[in-house]
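There are two complexes below, and they share chain A, which is joined by chain B in the first and by chain C in the second.
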Partner chain A sequence: MMAEATPLLDVESLSIRFGPSAPALVDNLSFSLKPGETLCLVGESGCGKSLTALALMGLLPTRAQPSGRARFEGRDLLTLPARQMQDLRGDRMAMIFQEPMTSLNPAFRIGDQIGESIVRHRGASRSEARKLALDMLRKVRIPAAEKRLDAYPHQLSGGMRQRIMIAVALVNEPDLLIADEPTTALDVTIQAQILALMRELQRAAGMAMILVTHDLGVVAEVADRVAVMYAGRIVETGTARDLFDDPQHPYTLGLIGSLPSLGRREGRLATIPGSVPPPDRFPAGCRFATRCPFADARCWTETPPLTGIGAAGHRAACFKAPIEANAGGLAA
Partner chain B sequence: MWSLILNRILVAVPTLLLVTLFVFALQRLLPGDPLLTMAGEERDPAVLEHLRHLYGFDRPLPVQFVIWLREVAAGNFGASLRTGEPVLKLIGQTLPVTVQLATASILIAMLIGIPMGVLSAVRKGSWVDYLANIISLTGLSIPHFWLGIILILVVSVELQWLPASGYASVFDDPVRALQTTIMPAFVLGSGLAATLMRHTRSAMLEVLGLDYIRTARAKGLLPRAVILKHAFRNALVPIVTLSTLLFGQLLAGAVLTEQVFTIPGFGKLIVDAVFNRDYGVVQGVVLCTAIAFIGLNLFADVLYILTNPRMRS
Partner chain C sequence: MTADASTDIILDARNLTRYFGGGYRFPFGEMPLIRAVDGVSLSVRRGETFAIVGESGCGKSTLARLILRLIEPTGGSVRFEGREITGTPPEAMRRLRRDMQIIFQDPFGSLNPRMTVGALIGEPLSVHGIASGRERDARVREMLRLVGLRPDHAGRYPHEFSGGQRQRIGIARALATRPRLLIGDEPVSALDVSIRAQVINLLEDLKAQLGLTLILVAHDLAVIRHTSDRIAVMYLGEIVEIADRDSLFETPRHPYTRSLIDAIPVPVPGARAARTLLQGDPPSPAAPPPGCRFHTRCVYAKDICRTDRPALRDIASGHRVACHLAGELQAHTLPAALETVSAARQRRVALFAGAQGIPASNA
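On to the complex of A and B.
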């Protein structure tokens, strides 16, 4: 492990807008990541977690306007010239996407799609690349790897294709892997296999990972640290243990409360009332105010800062935190 | 794939029958009798009667059609009523002329249309895109025969750079072939280039928005590789299909341009035959065109399968 002082990735006040007067879809995001660490970005769809991931990779649509800083190995990803960003992508940092069915090019063989990245970044010959691609296929446990090298994507199942995507991403041994809902599109049994595989490869390579997900089960399984996002902002962050044992933001409480548990069922599963407001109707203050059972006048007008509570590194953006002391138990 | 080819050939038979029947019927509905000219000034009824009997025109139409079919099946396409030359010989003389012109035209269309389409898709909304759109609209709007006449006036008459008309086979005299083919091919190709450009542009735009393009960029590939390898390779599938079909259109559709440049091609043969009520020639030419069309369609399907791995297995 490296020293605490040198994070691999340090994101500071990242905001993303589509147009200068449009509301920030990602608002003032700050977090950092140590080498080898796993950070989960959690939240419902539309909360800005995928945008954040794409911004770090420099893959935002051209209309998007990111601001802030994202220092990766000493360089700011948001201002890096396009050519240098292309050199980083697929080499020092890589990404896996949600849709394995459409993320591979239907016109090219699997081996070529993995090898291409090696040729691009390592300057390897085609035969060397083929050999490395074969190694990689074995690492992601593709059965009959040698044969699959010459297969086309349509000949493989979704789970197999996601393994191929992992192979494509990891072939150059990146320092950072960004995985955007990598298991969402897969069957539940395959999900667990893919997660386990990612964990294993991550440990073996000492690689850091940002895992974007809406699935708290996934979080509990892999996260070192968690950042819960709501409507473009981080509302709570801490270790996975902090969040599951002692959630402090009402949104996190709601998320955890809506998880089904083993054992006796008592009543209905809790849900969070209402839905995320559209960006042009975000409240001026806390964006969760429209759905929060504890919200008062101040919450609507003032944005609560992320402040430390309890354990070191556990922070929540809520005026009511710690919630037991300030809200006096659960509101009716 | 072989089952597809076999299937197509089986379907082609009724198609060809219908096409020839249709043309046969339409022709006989047209006013005018080719035998009147043959019978000379006097139009002696006895001579006319003799000619009718000689050519079989005195028999019922369905019988005539069946006789024609039987002869064609045996490889006999008959002879021209006007010149007495065998229909197959006439087709053999004119088809290569038109194929040469059509090939040059489609090459020019692809050379202009495809790069322009790719460029305007990649630079969507920029001045390059607008310029390409203006050029393509212009290409679509200008009538072929008019462009041909203007080109002849400027390039041949004024500048005297190229001959205004004529034909030479590329196998006999490549230089002369190039000189005589380039202008009419440009006239035909410019219109098709516009069509190809629009289709290339939309195919590229569609592909560029797909997930695997994002994957290609995430690998750190340079924009050139993302566009020309990952995107273009997939956009190529519809473009190839379209080009093949356009080529088929050219075979039968170069009539006006062939007239303007006095090229002794297929189009000219059809027009002359129709005007002369030269039944056998029209029938043979139409059958030939229909076979070419069906063949090219099949060729397009085969190309589609070959360029599309998902279809191969």
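On to the complex of A and C.
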């Protein structure tokens, strides 16, 4: 329990630009992750959540210019030489992608794809790797695992392929798993199975996880902590309870209001008007100002800092929060 | 069937079947016969929103295309406003298409990138000889306004628009001929959450404004609950349950419907503490299990389920289910926690919605 005080991953002022004068697509992001903890990065297309995940894995395209710091087990992931990054990747940290169809190599057998990183990082022999791969297939509950070792990805369903991806990622028992929309391409019943499996494996191994998703339902089910992102910035962060029971940022409110409820119908959905502006037209101040019903002159010119509000650790980047106190006149 | 004689039925499908594959095809050899839609009957009432839900491969999109006769059925019939359309000759079928239109899932793939938005929306008007020249341009501008775009957008190309705007263009194109029936094949599932809500609201407004009948094909049950009047649940090419919205969600009878509802993640932490998850993948539609097709994944399955195919039968008024055990299963209710949303959340979401002039909404 003592170890829990030191973060496993500590991201400080991470910004990502494509070109020196281009706007930051990820802007001044700071968060940390304790061992065993699940952090959800939530937001819509283009909010920078996937870019953040790629930056941590050292998988950004070469044109991208990251700045800031991302300390992982004492090393800065943003400045680590390629060779050392390769040693970490697939070993201490691993990633699962959205598309189980395209992220497995169609030309290689399942067993070899799982075994590859055992050979690479553990120096295991092929037969040892095969044995470990089989164990892993059983862990992710692939039926008839023995037979599947020699199957090719196209012979498996989408849900099975995502299980294989999880097996590939977890075979070396990483300390950190980054999952980018791991269940978005799957049907709901399969999604529920995969989320339950991930949670179980995570608990067993004490692994920390960053889950990138746009689905607030998934967030409510798996997150310990949440960071809501909009146009490259964290606009609100806190525990899942903070976010869902005491949402503060107007963007968070808009997202929640956009969701139809499973219960009886209660009228029209709230919507967030318009769409995210292109990066070259981000306002100088709060980037949500173009769509926010509460925005005033200050919001357009001044960037609101992430400020503590409500419970400890709950922070929102909004001058108007809490809106019932500061934007009441407008709303009436 | 479900509807009594006095109900105005706009669309009536009887025993619709569509098989794919089968036979020998070089160089693949013997092709498996896929029963994509296998004996589906349903009636859609004028003015309602009828939803067809199910997971990938259940045949819901094939069913939508059969209803419009975009693909030919292997067997069965479809009547639109009392007219049999399955045997209608091509010329008469084309005239009928004015009245029944479809919007597709992918707002990127379904619009020709070389055509301007004006040409895209105007095309059905020319094809059907409804309007040409200035009249057509005026109609295009009217359609653009109707779906919340600007008339001067007519000169632009699809790539200049965001996903949500493109879906609006697709809707304008589908509505240009003033159809009475509109089918949406996953019309919002490719969109971001906030944009999805805009398009859902738009479809609801248009439906009321134009007196449309809407058939929605979707996999997102929360969206379905919000928008539909009646819902049909499909599994492996068959309808397993069909009911009014509230009875389907509040008293689901088929074990598959229950699993589907249970699997949805809900944005309330802790609401889903205990539940049983459906195990395994759906079987291949090329080799559906005998008896009830769901029996391989059903926790209640008995001997009869493995041998006898259950027929769709009335279990309550307007509620039909294809399950041998439906009468015996314990009542299934959504956990109360799904409804418990904090006061702070309710108040602030209402403030957010109110600031835009939207009347009270769900928090």
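Throughout what follows, the second predicted complex is superposed on the first by the 324 of 332 C-alpha atoms of A that agree within 3 Å, B and C clash if a C-alpha of one lies under 4 Å from a C-alpha of the other, contacts with A are read in each partner's own complex, and residues count from 1 in each chain.
Everything below uses one rule, namely that a contact is a pair of C-beta atoms (placed from the backbone, for glycine too) under 8 Å apart; a residue touches a chain by one contact, two chains touch by 3 or more.
Everything quoted here is computed from the prediction, not taken from an experiment.
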| item | value |
| --- | --- |
| Overlay on chain A: chain C relative to chain B, clash or fit | fit |
| Touching partner for A:Phe97 - first (chain B), second (chain C), both, neither | first |
| First, second, both or neither for A:Leu88, with chain B first and chain C second | first |
| Which superposed partner A:Ala297 touches (first chain B, second chain C, both, neither) | neither |
| Contact breadth on chain A, by residue count: chain C or chain B | C |
| Which of chain B and chain C A:Glu221 touches, first, second, both or neither | second |
| Vertex chain A; arms to chain B and chain C (CA centroids, nearest 10 degrees) | 80 |
| Partner chain in contact with A:Arg120 - chain B first, chain C second, else both or neither | first |
| Which of chain B and chain C A:Ala144 touches, first, second, both or neither | neither |
| First, second, both or neither for A:Ala312, with chain B first and chain C second | neither |
| Minimum C-alpha spacing, chains overlaid - chain B and chain C, in Å | 5 |
| Common interface residues of chain A - those touching chain B in one complex and chain C in the other | none |
| Partner chain A, residues of chain C touching it in the complex | 55-56, 162-165, 192-198, 200-201, 204, 219, 221-223, 225-227, 245-246, 249, 259-269, 271-272, 277-281, 334, 338-339, 342, 344-345, 347-349, 351-356, 358-363 |
| Of chain B, residues touching chain A in the complex | 210-212, 214-223, 225, 230, 233-234, 307-310, 313 |
| Touch list for chain A against partner chain B, complex | 57, 59, 86-91, 94-95, 97, 99, 102-108, 116-117, 120-121, 152, 154-155, 165, 168-169 |
| Contact footprint of chain C on chain A as seen in their complex | 44-45, 143, 157-160, 187-193, 195-196, 214-221, 223, 240-241, 244-248, 250, 253-273, 275, 293-294, 322-324, 327-328, 330-331 |
